[in-house]
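Multiple structures follow.
Two complexes follow with subunit A in common, the first pairing it with subunit B and the second with subunit C.
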Partner chain A sequence: MSKTSLERGLNILREQIDSPTAAFFSSCVHCGLCAQACLFYTETCNPAYIPIRKLEPMRRLWEQEYTLTGKLKKLLGLSRPITHEELEQWQELVYNSCSLCGRCSLVCPAGLDLTYMIRKFREGMAASGHAPEGLIGATTRAVELGSPMGVTLKALEAQAKHVKADSGLDIPFDVEGAEYLVLLSSMEIINYPEYLQAVARIFHQAKKTWTISSEAFEATNSGIQIGVSDIAAELVQRVVDAAEKLRVKTVISPECGHAYTAIRWEGPNLIGRPFGFRVRHILEVLDELREQGLLQVEGVEDARMTFHDPCQLVRRGGVIEAPRNLIRMVARNFVEMKDHGKMNWCCGAGGGVSANEDAAEIRLKAFKRKKKQLERLQVDGLVTACANCRIQIEEGLEENDMDMPVIGLTEMLASHLKDEEAREGGAT
Partner chain B sequence: MNSAEFLLWVRGSGLQIALWIFLFGMLIRLLEIFLLGRKKNLAELRASGTAAGLRTMISRSLPPGGNIIHRPRFTFVAGYAFHIGLFVVIFFLTPHIQVIESLTGLAWPALPTPVVDIFTVISLVAMLALLWHRLASRLLNFLSNGGDYLAWTLTFMPLLTGYMAYHHLWFPYTGLLAAHILSVELLLILFPFTKLTHTFTIFIARWYNGMMAGEKGVQS
Partner chain C sequence: MNKERTLGEILRQQGVSRRGFLKFCATTASLMALPPGMVPTIARALENARRPSVIWLSFQECTGCTESLTRSHAPTIEGLIFDAISLDYHHTLQAAAGSAAEQARESAMKENFGNYLLVVDGSIPLANAGFSTIAGTSNLEILKEVAKGAAAIIAVGTCAAYGGLPHAKPNPTGAVPVSAIISDKPIVNVPGCPPIPVVISGVLTHFLTFGRLPDLDHLGRPLAFYGNNIHDRCYRRPFYERGQFAESFDDEGARKGWCLYKLGCKGPVTYNACATTKWNNGTSFPIESGHGCLGCSEPDFWDMGGFYRALSEPIGLSARTVAGGAIGGAALGAASGLLNRKKKAEALARHEKIGVDELKDGETK
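So, the complex of A and B:
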């Protein structure tokens, strides 16, 4: 690690320090309550994972350079400069053991938005060369191939063919003037292609026009997870260009939490201008269709089901009621976990944790929190709306010898769609 | 300088100096925060965030709702006891109101001194308990640094000396009163440069937290 890369990292980090950051650092009294909100702490009891402590080097930089006392201390040689060794040590704390879930930010009595700062700290970490290998790989693939998992257009087209064969429905590519531009996550294309078919069937029933862009179909944004705003902006720009070229009204973020945050909340700020189109999560769109009476379902599930809230949808995204409205349409025995909605517990794999091999062990430890929640609830099945949460939960359940089906909400709704011909026949 | 002369000085010039340092120091601290600025949010907002921000400024002082994490009961009870006790002692003891009135012209009814005395004891006991907890808890011990203990000491001393002066404990009253006022001055002087700033900055922090979440449609 060179001195230049450290300086570059610190410069980037300096640019991140703003009024909220200064107010946050000025207010912490080390009460330790954030620890109780963090599943990486509660499931390990390792004090290194106390959320505020994960920010210590950044806090020192702020103190040393943006406060009078800190500057004085620095002048008198009383403060410790930030070193490569220290940042290297912090890699584990900033990336492996933080999923940017935002729960600490919601419970801090002093009001610190710790997640907001971890997101910023990662910018400095990445620029100084301290991002984990796994995330570097994912980001490189996202830039070069358009997908963090290396999923190509060909793979997507192959899935589209399967959908056609299964349902008889065409997956529309590059349709100008469509109402919706549907984005996907690589995880969905590879592991949960049912999502694509579900979307096709729902829009077919609702008689809505939609399209996928062959130039920008990936919704996830590794640039945000690793903390490189330039790359994050480039990835957002691809979607913006596609949406503008195809003149769509709404861009739909798929069943993925971070993809939603990336395009919905960070997107315009990354490219430096507001969008000329709406961005909605698929659940928000489905809830709109429900309100308009365009989502016609039949049959109700009797199984005892619960919903796992993806953090970026609820706490960091504000999509709280939509999934509940939708589940109640098709599930009679829907029950909530004790901490749900904006207070949900993370699955343990968000914020780039799943793409980071170094975090493989801790992410399964963190899953124990979800395990406890599910054991207490005694449900027959779990519904969620994020492919990344879903794969983590499936893996966690398997690891813990728990047998429980996990399903995406869009897919569940699609499986209850009223039969098209029967409906039309009934109407005449 | 005998103790009477010293008392006169701490009551007069001493207090003036301390107050000016406190005010000027806090002004600097607030400027340090606000001058950094903040980028405008360009995303399509769900709400303005103002109402949510204001609500968070207050709600984080209130006990958490039933659905919120199980806060460690100790931190919760001792934290409230200490802060409420301190607030009552500072703002509802007759001599304190008189000092505030002489400085600002503002006055309000005091609580009976024995009542304030009870709150002093509550605060002192809660502070000792919190200190013990900080030292004994693995989590807090790991997290704590000199700044935490400095802030504790600066707050504890005025409470202790005030309590001793009121009860004429062990030392002559004049000396104790001078020591009490001096400890307050020390608190005021160091206030802007220690963690004690949280008294004011938490409201700014909560505002940003609540406002940014509110723009996304979340009441934080």
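So, the complex of A and C:
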């Protein structure tokens, strides 16, 4: 059997339904608070987008297969079986209008981790053949070419040459025994190569050894977004193999939200064993360097700046203080959005939404939430730490005729690095 | 406010016309089922009444009763009557705080001993005196002390009248109503959660006019307001007679305004004036908004078996049924747990690795 089918999808769901899922489904009190937490609901007021409702087919399967009343209901024909037609209808709800941002999980008074369940539901959707084309394409490229956007090693090497020309710094490939293994997201390689240069300059100043693996440079994990754990595990395994081969101490997840969740939080569970190295987000590493006095900056910006928290960093990952410590080093007028930190609003394009062409319309509708936040704040610029958030925000701003620079935090810090010559001259 | 002025003077000063005043007297008379000939008597009595001193004690309550009375609508003649009594002590409304507040209560008690009205909202905890105290004194003690010099007591709200929500099973605070503690004073129960504002002002008017409290039913409620049940006065009653019931809150019947009996309306066993006086300045009452009556003016309405359970369904469970159910449930639970584990293990065993090729090929492609 080498193709998707309804039975295969349902079987996967039976595997995925675990005791937390059962506890969650049985403790939902239908209060509707998750609706108000979800930007796809608040920006459309469409009740179809109420987070718990997005799980309805999975809930029914759980009820029918794992509860007595559900079994009786099914026997008496009171509970409809799950069909292809229904799952097809749900595709939009599970993939297009959920960015796995986790806000609903946080507000649920009964403690339901809705995001955890949607992630599981996607496993069943993918195995039954209801994953969106865009995500299937991205996943295929990730497995076959090593990057969801089809970015090859050649393209990365070309960017490395540009960095060398600009900064005079070599980008180290496959250096055994380096302290850090730097991963990159395809979006950074193509859209924001400044990130690579910023990392090179910061580590140069801090005198840290680092490397990129030519075998596993991609940080993103389409397997998680589409919901196929087998593929997600394979993609994680590539990074683990590379890190262990190069004997690095720390693997650095780049400015990307879900890549961090994938490698740090889901990774060991996916491959079924602990890693022999640390995993940190680039902001955590920079904050460590700051603490050790290895990140020396000069010049403070006067512009009114705010920070957009990538959901996977703050809510699912707990990286809340690091970006603030870092921004305050270089920005005098840093202001917070009303809901910031762990309660931030998603940009609207996470969790695979941006890789899914069908979701383009709803994604820009969902952006209205961020737009309102930015309008209230009246800032001159926005800093973030996720290439995916950045692309969505830039597109949203353009769509809404708002003119505002969006910048990655690592880049911003690199632009304030103390001048190499001056520092060395001062030290001697 | 000068205590020596009469109500008539105060009301005129507040801009209430003679005509408005008489209309209020007539409304009150008809509401309380008094003969029309009594209207001039009421008017005369109110005109010349001195502002009586009122002490308002709040015990285990939510302040909903006070909210209902003070915020129900823009100043009306009922509101002005309230302005026209001397409310000497009321937690929520008084400006004084701390010992000054308690002093106000004590001096009002001394000055008007034997003549003041005591209004109580909230129930009194007996399980532990410390559960609810005011300035370090337990509710029980304050109630006994203030009741001593009261001409009469008005128990406002279901908590003060029958124990209300605090008294609901399992009654952790040992909450009791005023009538369980005070037996030597006339007590009027004005239940409701909260009660209708006009009912309070009606009872006060009656007291001012006749110098005594109105006639009460067997539960201590003024007959004038609690003489009929909601069901008999409900505008949806004709649907009940025809057997037209809403079966759910969003079905055709609900949209057509049919009877809400099957959705748990407690109108047939609830005695109150909602269906006639209505709420929010006569706008509507709960059934008019599409929700059944909860029965809030009846004793123990919280324990009547669920707000959405129809009255004729059997309610309440015996200890034996519960124990039997629990044992059966535990056995079933254990059995289905084992079955579920087996099912999940089978699903895991059936798992075949999914790769990119599978994603691109399938039944739906």
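Here, the second predicted complex is superposed on the first by the 424 of 428 C-alpha atoms of A that agree within 3 Å, B and C clash if a C-alpha of one lies under 4 Å from a C-alpha of the other, contacts with A are read in each partner's own complex, and residues count from 1 in each chain.
Here, a residue touches a chain if its C-beta (ideal position, glycine included) is under 8 Å from a C-beta of that chain, and two chains touch if they have at least 3 such contacts.
Since the structure is predicted, the reported quantities are computational estimates derived from the model, not experimental observations.
Chemist: Identify whether subunit B and subunit C fit side by side or clash on subunit A in the overlaid structures.
Modeler: They clash: once the shared chain is superposed, the two partners overlap in space.
Chemist: Quick one: name whichever of subunit B and subunit C touches more residues of subunit A.
Modeler: B
Chemist: Using the superposition on chain A described above, determine whether A:67 touches subunit B (first), subunit C (second), both, or neither.
Modeler: Both: A:67 reaches subunit B and subunit C.
Chemist: Would you check which partner chain A:300 touches, where first means subunit B only, second means subunit C only, and both and neither mean what they say?
Modeler: Neither partner.
Chemist: So in the superposed three-chain picture, is A:11 touching just subunit B, just subunit C, both, or none of them (first/second/both/neither)?
Modeler: Only subunit C; A:11 stays clear of subunit B.
Chemist: Touch check for A:335: first (subunit B), second (subunit C), both, or neither?
Modeler: Neither partner.
Chemist: Identify the partner contact of A:144: answer first if only subunit B is touched, second if only subunit C is, both if each is, neither if none is.
Modeler: Second partner only.
Chemist: Can A:158 be said to touch subunit B (first), subunit C (second), both, or neither?
Modeler: neither
Chemist: Following superposition on the C-alpha atoms of chain A, which segment of subunit C from the set 4-12, 166-174, 184-192 or 256-264 overlaps subunit B?
Modeler: For subunit C, the listed stretch overlapping subunit B after superposition is 166-174.
Chemist: Residue by residue on subunit A, keep only those touching subunit B in one complex and subunit C in the other, then list them.
Modeler: Touching subunit B and subunit C on subunit A: residues 17-18, 66-68.
Chemist: Please give the residue numbers of subunit C that touch subunit A in the complex, ascending.
Modeler: 332, 336, 340, 343-344, 346-348, 350-365
Chemist: What residues on subunit A touch subunit B, complex-wise?
Modeler: 17-24, 26-33, 35-37, 47-48, 50, 52-53, 66-69, 103, 105-113, 116, 264-269, 272-275, 278-279, 314-318, 320, 338-340, 342-343
Chemist: State the interface residues of subunit B toward subunit A in the complex, per the touch definition above.
Modeler: 28-29, 32-34, 36-39, 41-44, 46, 56-57, 60-61, 64, 67-72, 75, 79, 137-140, 142-145, 148, 151, 193, 195, 197-198, 201-210, 212-213, 216-220
Chemist: Show which residues of subunit A lie in contact with subunit C when the two form their complex.
Modeler: Checking each residue of subunit A against subunit C gives 1-6, 8, 11-12, 14-15, 17-18, 65-68, 84, 88, 126-131, 136, 139-140, 143-144, 226, 228, 230-231.
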